[in-house]
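Labels A, B, C and D are assigned to the chains in the order they are written; within every chain, residues are numbered from 1.
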């Protein structure tokens, strides 16, 4: 037998932080003839779909669906409440916070970034301080990313609301839950979020293509006061349509609606609380392995404090170029695809090969996580990467509940 | 046997003017695990996909892909060349021309509609006259719908270019080919079109979810002179991406890309000229049947002049409420869904039940068209709708080539 | 445009007498991961599946499932009740009756064929006469095809039972319902059938791969008296399994079980009586068109008496080589595949090109039948085949219920 | 969070010894409309399919395809060469060897079982001795299971041929490769095998439903001398058909043919040698983990000698009822299904809960195996089953190639 025996032929596992693994039920639901878009089943599906989306977001308020990706949801949310010249505050904890701010800049907003680095959560005290300093209430909105997919930090969104309240500041609290919804616990209404954006391709387990903006009555009032909102982005007819085509401002994303229906049925059957619990345990298993690996050598979790780590994605460091070598080895040899590092170093630079990420969001269970971690152990063995011993046993204990 | 025997159990036929019937090859291509969005097959697929799209549009110039529907493409195209206050001319021949104008209004444009009614094509002389009168060249763009899906009229886009040239007017010629692309002949470069928008769910045979803006260098220059273009709509990085994610401003519409690849493969294998020819013959068969039916009773083609009829969609009149009764009968009894009338009368009014439409776009062949027409004959027989005799034989002759 | 414009690109229609058109619901049900074959859902599915099969066959008795096709079911049924040397009577009305007899010969049976030709049903009087002549009761079974797929004749199975009873003959009545089940009315218990065989790929709408033998207690007694029955064919453990694997004598046909479940759900939802009614009306529409076509020229229904025609398949004659030319034209030009003639002439002989068949079984509705007939009209027009005028209007009237 | 957090929602992994995990390419190939069974693509597919099957079996001789499972292939093979009263020798090493013998008994053969127990391979010396004692050459065939799926032992088939040759015995060598083909190395011609049976649902990665009998000219001669072979089982027309329907003795297994085509394409692309190598390494990884686990506590590989272990399936012992408890825990809690023990103890007895099996056949790669083993570790942790430490690291080393 050749020493180059390849062990990749089999079911591939895409363990990147989105798009996530698609359930068979979702793909099957999307394998269907085009439906009528003027009457019948498709039309009847929308109201309960909207309600189930609200339930997942833990809100009693409004939701607008967009054919689009996360960037589309960013622009949609901003387009309803931010006019050129308006000021927004962006407390950034990674690439995606900065990206949302850039979208605002592109729309003519005056964007102030508070950068909390790539390994920390937002500093709520500094945010509150900044808000208190804005005595003229020029800041119209705070754009807060719940989980920044690049750094895998989770931010305390309820804490941002507390900071706003403590400062007596009327700015809208806008949250990005693209990476976190249906993975990390999120409570829109209880946490005082005014606007929330998310996509379908992570915790919602549907191929990329639709995204969502949730908003409450405070946000609706701000939108009502806007001089102009583009017809495509206007959330008002989408959230309160008189005709079916208004849900989607034109032709409906027919097949995505069926896929989303199947995914929401799965979430309802499991219950959102159980979904959160599952992600909690699985991420602890990932961390347990990483802690053991990191006890020798250079592998390290990007976020040191477990309380600040997302349950959907894990960012890691590994001495360059080993992070890239490990990703390439598991992809080529055993059917496992890990996520690239993002926003941690100049793309393509030598340093960039020292970062990678694990996605553990959505349709993911115990045996999958053990396969991902086991594949990493095999890759590190193959590449002779220095690491602690017993990482997989540690992870298995967490999954085994002991 | 009961007199109420239902004959609908079987393969349904959705003969509405979009979304069109989806080929198995397209649905199968979309039934796949999520791919890596950072490297590998998906990334490599984009350049040839863009080239094949250009070939279908008959252009050597640029194309930007958007996750979105036709309305999204409308807004995308406008957002790149129209600023608030800019003037656009909309020569309307149906609901969709007016709709594109409304999107421009929503973006702050100064929109002038020339309404040519619901049964006629654009009057090129009047357009030329209007352009000549605009000596200050305030009109920045002419928004011309190639085929208006509501009326099924086909407009002479090359003629609009001639009018612009004859008037020596520098306005951009923007064409809406949402209903017509890959059905009715369209030649972007030869016809002097600067910007063209279309969707994926009609002639391109893919479930709704992506749309396209094609543009030439003249249009690119106009965009370059814009004070601001939103990051999401900006066609520049989408058409000339340095990184893969720029094609789609964020997460790619992974499954639609695979579906679109399958559809473009089918079109390439048939050749776009053969696709046009097929639609030509099939639409003639539809008209032949309608002419016979219309020889007695009230059924009538909306567009009297065959030269002005689209090969993708046919709008029909039938004394209210028979149009609606016919649609409902074939849907409930024999598995055939026809399109509702759109834009011809107040929705829900008694008059609105006197219009309907047939879609014959995309993945459609001779036996399907005979099934659609035969189903209509059965429905008219069931409802005792007055009509000429021999319509199906007439259609069969056209399909038989005699 | 070329005179050779091809109109076939679109959804193909396979209108052959089996395999029939597969419903999306069936194909989707079969697109699934392998299930556990020792416990869980698959195991639990079998008892209700067997009951629903019994309901379709209108029997309270036993059913054994086989991985196999119709020929497999033939051999299975014979293997349980016929030993080498046993005598069977085969009243043949086409190729398939003769084929079942040949299978019996292959198993060592003494086969006596009563050939009633290719255009007639069984002559019950002659059968009764033959049975009366068998005073020694040497004939152990009568193999009666309900619908012979080659000739499309339907035989009076209850009449064969009456002949047996009138003759006081104890032979088993074995019926082949491969072409007819869930298309033509069939009542196993009421008609006194002892053994019935069928397949999954016609009225049951599932891809070929499983077949069935139904049997009553009389047949079970005969089987109990057999000196030896092969373990694979033995229907006893399949019909009364103590362990799951006995249903299928080894590994279960996992995906077919899911497909069959989906198909039976459709039949239950429609009701078997409504399924029969649908096939009745649709076959009348086919005959109405053929009657008009045949009023001039050579096209003729193989079975003259409507009461003797199957509702699942129609055999036709058309002056050679026009039958073959028509089949080829509609296949190549408009996406319609018709069935070849079978058993009517030497395969490949000039005469063989004068026969063809239409399948109208299973997942078939009014618009499909109109597409099939309309496609035939187009083909005859293209080939200038002499025929009566107005065939499609006649069919549409039947489907329209007038 | 509840202590009962369930971690099973995600992609299930069916790690039983068949049916194996189905590739997407196979399932997609089977999701298609019914094809014409008289002409066209399906008909053209058969000759290359038969050749590719021969290549996988490493034979230049003949192959007959059957709609059926492994038991069907057993009966098919016997039916072509064994008549009632013929004597066959069955050197059994597990449940499946005995099962094949039982099928022979069911056909009237005189079956002599040499039982080598459940933990050993065949004793070739004893077989040779028995053959030499058969001076009258009454033994017509030796039924040798290559890999017995119940015990996971691999037998030396070339050694059985050597025993026959050394004894100068003319009996046919018949091999059962149902569990081993396209997993464990097998060389039909080089090893002197006369008849080989296999199924599609293990190494061939297709849903259960078709099976195969390969045979050489010696076997064909024996079949030619048979007094009678049933038409359904006769391999002659299936292997050398004059008409397409003879390949399958009636209606073709249309969708399985497409699925099998996709699977054989995958095997060709990887090469059969690479497929064997992959299974070799993956099984060594499984054994490495089991060796470590077994260093403490009761877990033990059923076959002590690694040279006698299959690369497709692994039978294990674990103190009752822990084997069953482990299977149930991983199924209910983390989405992993392991195989039950088979043939090792009375079904349902207390002892039966001390055996289980792992399937690692077909579409299986490095990350999947690590997921299976990792899941087992988690389950043993959860159930506090005594075991050695470091099993997963040991397996990862093998997969990592160190």
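Simple rule for what comes next: contacts are C-beta pairs under 8 Å (C-beta built on N, C-alpha and C of every residue); 3 or more make two chains touch, one makes a residue touch a chain.
As the structure is a computational prediction, the values presented were derived from the model and not from experiment.
Annotation: the B-C interface is duplicated by A-D among the options B-D, A-B or A-D, judged by over half of the residue-numbered contact pairs being identical. Across the two interfaces under comparison, A-D and A-C, the one joined by more C-beta contacts turns out to be A-D. Seen from the C-alpha centroid of subunit B, the farthest chain centroid is that of D. Taking each chain's centre as the mean of its C-alpha atoms, subunit C lies 35 Å from subunit D. Annotation: 44 Å between the Cα-based centres of subunit A and subunit D. The centroid of the Cα atoms in subunit A and the matching centroid in subunit C are 55 Å apart. Looking at subunit D, one finds that residues 12, 21, 24, 28, 31-33 touch two or more other chains. Touching subunit C in their complex are the following residues of subunit B: 1-3, 5-13, 21, 23-24, 31, 266, 270, 274-275, 277-278, 280-282, 330, 333-336, 363-375, 377-384, 389-393, 395-397, 399-402. Chain contact summary for the complex, subunit A toward subunit B: residues 12, 14, 16, 18-22, 27-28, 30-39, 67-72, 74-75, 79, 84, 102-103, 106-108, 199, 201, 207-209, 228-234, 243, 248-256, 337, 339-340, 347.
Subunit B meets subunit D in the complex at residues 24, 28, 31-33.
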